[in-house]
Amino acid sequence: MDFRSDNVTGACPEVMAAIAAANHGSASSYGADAVTEGLTKQFARVFETDRLSVFPVATGSAANALSLAQLTPPHGSIWCHRHAHIEEDECGAPEFYTGGAKLRMLEGDHGKITAAGLEAAITGRGVVHHAQPASVSLTQASEAGTVYQVAEIEAVAEVCRRHGLALHMDGSRFANAVAALERSPAELTWRAGVEALSFGATKNGAMAAEAVVFFDPVKAADFAYRRKRGGHLFSKMRFLSAQLEAYLADDLWLRNARHANRMAARLAVGLEAVPGARLQHPVEANELFVELPDPVIRGLYADGFQFYRWDNEASVVIRLVTAFDTAPAAVDAFLASARRHAEHVPSVRRS
Amino acid sequence: MDFRSDNVTGACPEVMAAIAAANHGSASSYGADAVTEGLTKQFARVFETDRLSVFPVATGSAANALSLAQLTPPHGSIWCHRHAHIEEDECGAPEFYTGGAKLRMLEGDHGKITAAGLEAAITGRGVVHHAQPASVSLTQASEAGTVYQVAEIEAVAEVCRRHGLALHMDGSRFANAVAALERSPAELTWRAGVEALSFGATKNGAMAAEAVVFFDPVKAADFAYRRKRGGHLFSKMRFLSAQLEAYLADDLWLRNARHANRMAARLAVGLEAVPGARLQHPVEANELFVELPDPVIRGLYADGFQFYRWDNEASVVIRLVTAFDTAPAAVDAFLASARRHAEHVPSVRRS
Amino acid sequence: MDFRSDNVTGACPEVMAAIAAANHGSASSYGADAVTEGLTKQFARVFETDRLSVFPVATGSAANALSLAQLTPPHGSIWCHRHAHIEEDECGAPEFYTGGAKLRMLEGDHGKITAAGLEAAITGRGVVHHAQPASVSLTQASEAGTVYQVAEIEAVAEVCRRHGLALHMDGSRFANAVAALERSPAELTWRAGVEALSFGATKNGAMAAEAVVFFDPVKAADFAYRRKRGGHLFSKMRFLSAQLEAYLADDLWLRNARHANRMAARLAVGLEAVPGARLQHPVEANELFVELPDPVIRGLYADGFQFYRWDNEASVVIRLVTAFDTAPAAVDAFLASARRHAEHVPSVRRS
Amino acid sequence: MDFRSDNVTGACPEVMAAIAAANHGSASSYGADAVTEGLTKQFARVFETDRLSVFPVATGSAANALSLAQLTPPHGSIWCHRHAHIEEDECGAPEFYTGGAKLRMLEGDHGKITAAGLEAAITGRGVVHHAQPASVSLTQASEAGTVYQVAEIEAVAEVCRRHGLALHMDGSRFANAVAALERSPAELTWRAGVEALSFGATKNGAMAAEAVVFFDPVKAADFAYRRKRGGHLFSKMRFLSAQLEAYLADDLWLRNARHANRMAARLAVGLEAVPGARLQHPVEANELFVELPDPVIRGLYADGFQFYRWDNEASVVIRLVTAFDTAPAAVDAFLASARRHAEHVPSVRRS
């Protein structure tokens, strides 16, 4: 009954089995092992292209910072949503890895930037006093639990092309987005104009595994050195790669994500019956942001449910995150508790 | 029959079991879980002091670069042995994390620096044109498979104290050193003057786990931000911590290391009977550097043994590394093969 | 008739004379010369305190980036006004020198941040995912040509104290602010809580000279190395120092600034008589931001006046900057031209 | 009678006159002025090529660090002589500007590296654990007061070409080298394979002016942003450019350098008559390194001569540096003093 985040989960059984299976005999270190070498083929199949380079790392911050540093010179600017993880939750990792590039904030409803907003923000090209427009980072699914439609990505990519900007996707919850959109990984990335993807697995069933994927091997030149000097090249790489291999095999990643998304939808539907509950954003992936009366929140806490709350002047919002292992019964128990506590709130303003 | 490195091994059974055991239920992320919180107590017991701070990371390069950056300002110098891992094998990670500090090389027999060599090398204090003396890094066990005696560490530490230098220990093979020296972890570190330790586990039975240990919590101030922005803070930290917990429990780390050391000693003894074999360094931990006639080396390769070779003008040297899982039978097979091939070398110069 | 900036000017005669006077005989390099050594005393007199350290550099960007790097760790945040020079016009110099700290934007009327705005913006202290609140930078006079009152600085400083933030002042036009406010340099800096000042001279009569001033020598520790490795330690330092010495001698800096401010005021008063002219900000120092009808602007350009224009959807704004050498006749000619062209604009909306 | 360095000098009259001449009227800032714009043509004439880009900066450390950063990725290695200024005297500026590249030391007689020494040192290409071979920096004239012959530069450049390394020249005393060698600037740089030159003027008559010269504009891409964010773009650029213009006009740079070299030669010849004096290096430019008996050195100091001394176990060495303004009479006085004091040394070993 822990809805705090999808990173409070453990690893799913298939991933654990893959790790155990990888633990036999000796293997070449630093990625020269057979499992790692097989990954490229597997990603090529999933993304329907041979023109890619794949670099496993262990954390999402590493994947983001390393790939952004590859796309952005130290004197460059990176545009992202004001609430992007790279801006708010990585303690300056992109600035550190780029050597001091600037993150530039874009506003946008429901956690998504827009092509028009980006277009309007790009200034200063060629002016020596200004950090130079260099790259854009989309988060798919977004920090607000929403997803970018293919057309939205294409529109942003078109602005990027026109202005010579590289397009990065923070896909820490990429699986949830693919599951939600029912579009192929290729359509959501390189075909739409994405050049580098932080492909997340940790939040969706892996123990600690992400992959940086470049959709043009030329763009990946020297990336291996970047990863190494960041301290992100694992000696026993097979254990990272085994997680990713299992994650992609038999559509495990999509099965896990579909489950998480379904649990989020179940919560969303159930919350309609909770007086005073109001969703802040459309529920499209596995995160919900819900305004709730304070007594209801306190009641839920008292009943043992775990989640984060943010208090603003106007309202109190909680975040609920579902995962590959969220039990339908936990969702139902949460909803029952919420309904019960809401009934005791004297005059909940319906909004 | 793979003697290439101790990082070609998998994880030992106890570590695998601990990972599996940690995979139950939800847990607070980013190190707020119970396993991680228990680590400090465990390290305190092993190192016989409460005055320490422990930060798990996943790679040795991360541990070294992060801890050196904590001890060294960007305008500082770090002294280390010419063949230290931080100089030769981390692709500039210390320079990256420190913001451009200088590594300064010390010569020294058998992979070890000396107090006298350090003393003689320290110059430039207070001169604005020179990078400022800031820290020293010892590798224990060294890259040459030797170990620093307590008195040797103390002598280096005394020079450090006199010159205001911080003392770091790269303990990627710390367990092998402790096992070899039969001195306590405390005696080999903080009691001798070591301020920060990269405590390795990966090479000695973990899957991917190291700990940065500071022997003065004040010296660890803000280190958590450094780790985070390096992308080295794991969301599912319990899986790192579980490895370290199992590693320290029941002296697993020392049992593993003792075995590896014993296998190295067995190789050393056996090589005495191989005509033309000559050890370059005393065999004190789990690495051997052996001059061998080229036909013998080729014979060993042909028999399926794996190891690295370095060709110089004067000689050919191979490195043999033993590990927690090296089978005595593999050692004996290697020695038998070496002896057999050496017999067929026409006139091996005995050296 | 060049109102583009105060940096299109040359050096004033007193500064040129000082440079020539410094050019006699040999002198110790890198700041060990007599002129440089006298500077501290001179600044101590001007700022009424012995507790300061003074470091001449040649550019304002160097002064800002170096001093902010001294006050801000790589994982820190620097708050400044959205239109601060350090954010908009230094191509990421603060990010470069700090090793990737984050600039955080504050809104504020007329180019000034407020204590309340700062207070509301400070979040994330102690949360490992967030860049840590570290410092604040005020621009005095501001980029909008306004000045901070002593009480405004004190209020910001009070927030800083409460939150453990260092307070920096970008005083690229500090002289203009002092001249405008008729308060002492001490009152406007350390007595109000400013810890480090980028003390500008270049824009106000020097050739290329600024000084980084720390109001606590302890805060200046190791700054000399920072300056050196930035390439900002001049070998023939006497030529930088001579500029600063002349600048401070006989109140030259204030006489120059008073003249520039008077010329700005003269422009402001004159513009009241220009139909369609509207000042965007109070004119308190030596910069004016003026909405003007496009035909007037084109007329001024045609008459040979030089200045920058910014076109927004709603209006066209020009910037006028006066300097130590702005001739009253040039001001009057500008006003006459503006009036003449404004008369021919059919229907200027009075605003 | 100051032989400490060529940077204890002031500016020569022609440079001072040029600065004064530049101080008329307003001028576009940041290098858009006429003087700066004329520089490229002037350098093109001096270096006999249009394929160059010129960037004035104010210090030699800035010129070196900025140009090396342009040629070397953060994961790269820079080879230089063990006693190169970039290694010993810039407090880590190259490491700072490159983002943590590694300087690798080459030995070499009389301050010069050799093609063979370089060739032997290059290792690790393509190995992810090693900093990648990226660039080489020659110092012309060297720190030992010697010069590289054209053939020596070509030989180093040939190694660079074969290994894909960029070739940089630290020409802080480039004028002295050109004057000494009587070869054209072109022959000593791009025709020999040099790609970037730190062209010094400060030590040879300028106040504070150097130029970074790239012999392929493509290699200079984005360099302007690098300079800006380093804080090295001067607003009143005309004053830097005027120094360089005067320096190159009418062969002032070579006239100044020839004088300095002649004074050094005069010292060298005169020292032959000083018992106990022994030159450590051939005197080819404007620096001498002389072993002298300690009583002679003390006598010279007592007579008011200024110079640096280094005490080793084996000997005492002083450095004498001549400059554009060294008076023949000062040289003769120095020699007379040395001879006089040497006569009183009981038994000087002739060496």
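We call the chains A, B, C and D, going by the order they appear; numbering starts again at 1 in every chain.
Simple rule for what comes next: contacts are C-beta pairs under 8 Å (C-beta built on N, C-alpha and C of every residue); 3 or more make two chains touch, one makes a residue touch a chain.
Everything quoted here is computed from the prediction, not taken from an experiment.
Asks: State the pair with the higher C-beta contact count; candidates are C-D and B-C.
Replies: When the contacts at C-D and B-C are counted, C-D has more.
Asks: Tell me which chain's centre, taken as the mean of its C-alpha atoms, is farthest from chain C.
Replies: When every chain centre is compared against chain C, the largest gap points to B.
Asks: Quick one: chain B and chain D, Cα centre-to-centre, how many Å?
Replies: 42
Asks: Where the CA atoms of chain C average out and where those of chain D average out, how many Å apart are those spots?
Replies: From the centre of chain C to the centre of chain D is 35 Å.
Asks: What is the distance, in whole Å, between the centres of chain B and chain C, each centre taken as the mean of its C-alpha atoms?
Replies: Here the centre of chain C sits 52 Å away from the centre of chain B.
Asks: For chain D, which residues are shared contacts with two or more other chains?
Replies: Residues 74-75, 90-92, 95-96, 99-100, 128-129, 132, 225, 228-229, 233 of chain D each touch two or more of the other chains.
Asks: Which residues of chain D touch chain C once you look at their complex with the stated criterion?
Replies: 2, 4-5, 7-11, 16, 19-20, 22-29, 57-66, 90-93, 95-97, 202-203, 207-208, 225, 228-236, 238-240, 306
Asks: Where on chain B does chain C make contact in their complex?
Replies: 30, 73-75, 99-100, 128-129, 132, 222, 224-226, 228-229, 233
Asks: Across the complex, what residues on chain D touch chain B?
Replies: 74-75, 88-92, 95-96, 98-103, 128-132
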